[in-house]
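Let me begin by presenting the structure, written as structure tokens, before commenting on it.
Labels run A, B, C and D following the written order; every chain starts at residue 1.
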């Protein structure tokens, strides 16, 4: 899980935001609802031709690649959380085509204890609804991301990219490619 | 099932077309593969706001409403059949957003014998992969359709519209609305 | 939402249970993760022949019908929450066939404010992963339920049953029937 | 595609069977509807613990592994075709739990021309609805299969097993594992 912006930059915080203290406490008590979005470019037939991965440098100075991911807030619809996180990470003119159906392609269960599921988040038990989201507009990495790379499905599933993804997001990406018929 | 254009207007027939004789014969021997598309307009969050229904007059002079529907041809991919049928019925600038995944929301089995399933096609045993297809462009009814009406999900599922749909397509439309979370 | 047993009867509480105070507090701060299960009987071809609905009397003395529903606890997998809630409501020998895939047929978003979505829960913002769960064994209503009724899909979707379901669960049931091809 | 029994052993042929001549002819004219079933063993939580693969020797004497696969006949429902093919390949007491929903986890398009899709069948254009099917009973390889091996998801996705699968069925198996959350 890589949402690095639990709080927006400005002073105003919309309803649904929790203080750092509060979020730390509930994270040890309840599963936290997340969304994961796999941004893709598609051709005129809807076939996926590229996958967008965010490139970040971890606090430890290690390069990592990530999907668009983040928490669903109190009183926020899942589809609105998807729009918010895609725009947060890819910019305001990414033009995400949020799926008409709320049915996710899978549910990724990130456990604080490694090995319970293939997904892991040391901070919390997060349960993430995962969607493939075609983007039609101009995408620019925002905030802490230093690049947004568009890879073919084959490149994105290759070992050298997979090892740069954390917490099981490499697997989640391959599940997304399996779902769209593009698993190598 | 309402594909009325088994043959294109021009003299040339692309590979995959069968003569009227041939198609009549195989229709009594094999299930025929179809696609059904439910054309929708969505808002910025992907929420369905309108459903497009084609208005036709049957040979018997009865008004009927229909989804976009048609056969998958030999050596044609399902996603290409979807594009072809949407453009055939809604025009060349409908800009259909074909789903990235080949997973249909349901499979409608139209039997020549009524009552085996809720779907019925007196001409054949057709098995149809059904998709919700958002359209972004300008839609104009083509060929034999006399109108294309955009209805809200509530209107489209109302009794007076449902009775104008044949062969179980009214049910298929309501299944589509259930899938996108808009069943009234 | 009708999980009436936030705490198990015995003195011991497994990890993941929260005190009444704690749960009341977080309910106003975060979306709470739930599962909804639609218990069904299927024939040898997997076709749904009956739907199980729990009959309860609300504190106000009103009869209501409900699906199996409940919270996912901290450090609990979604599939384990499904088993736990089915056994809690239908008894220990219901033999639920939990789906192999974590992909729900829909996601029901119960908002504390009516009208945001078709689902409503005055106590909280609950986001529920909804599954159709065939049960093979003997089912007995447990705890506060006074009966478990097996209805045909047609009966379960009929107006007189739908009005006895609360918070949008009648809609969720009809969505489940649409998903399995049994919406009347 | 590995259905080797286009005709049943006995003299009687149920409605829906075609002569060898007929099937050869239509195979060059229409996409043929198939089902693919991935037989699995699940634990009490529905988690997949093993995948069943049929071991066959090709006419050329090469060992190959295959999923349960076969044609949908005229006037046969998809779910009945699933039952028939599972019992044909795994025996009459396999007790397959056919999914309640007709929604397949993917659609595999086997083209006679290699490279159009990742699936290939030199004999025909087959479009296959793919399902994960838990089996509860005793499974015995039937007819031409010489063994039925139960492998863990990890083993089934390993290179040495994948190379023994033909026509893209290795990929289809990995897509099934991705769908159930067990892709290694």
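Quick note on the criterion: a residue touches a chain if its C-beta (ideal position, glycine included) is under 8 Å from a C-beta of that chain, and two chains touch if they have at least 3 such contacts.
If you're wondering where the values come from, they're calculated on a predicted model, not measured in any experiment.
Trainee: State the smallest step count from chain A to chain C, taking one step as a move to a touching chain.
Mentor: Contact-graph shortest path, chain A to chain C, evaluates to 1.
Trainee: Count the touching C-beta pairs: is A-B or B-D ahead?
Mentor: B-D
Trainee: With chain centres taken as the means of their Cα atoms, state the distance from chain A to chain B in Å.
Mentor: For chain A versus chain B, the centre distance works out to 34 Å.
Trainee: Just give me the whole-number Å value for how far the CA centre of chain B lies from that of chain C.
Mentor: 34
Trainee: Taking the mean of the CA coordinates per chain, how far is chain B from chain D in Å?
Mentor: About 28 Å, centre to centre.
Trainee: What residues in chain C touch two or more of the other chains?
Mentor: In chain C, 77, 101-103, 105-106, 117, 179, 181 touch at least two other chains.
Trainee: Spell out the part of chain C that touches chain B in their complex, as residue ranges.
Mentor: It comes out as residues 106, 117-118, 171, 174-175, 178-179, 181, 183.
Trainee: Please give the residue numbers of chain B that touch chain A in the complex, ascending.
Mentor: Against chain A, chain B makes touches at 40, 42, 44-48, 77, 79-80, 82-83, 97-103, 105, 132, 134, 179-181.
Trainee: In their complex, what parts of chain A are in touch with chain C?
Mentor: Per the stated touch rule, the residues are 18, 22, 26, 28-33, 72-78, 101-107, 109, 111-113, 116-117, 125, 127, 129.
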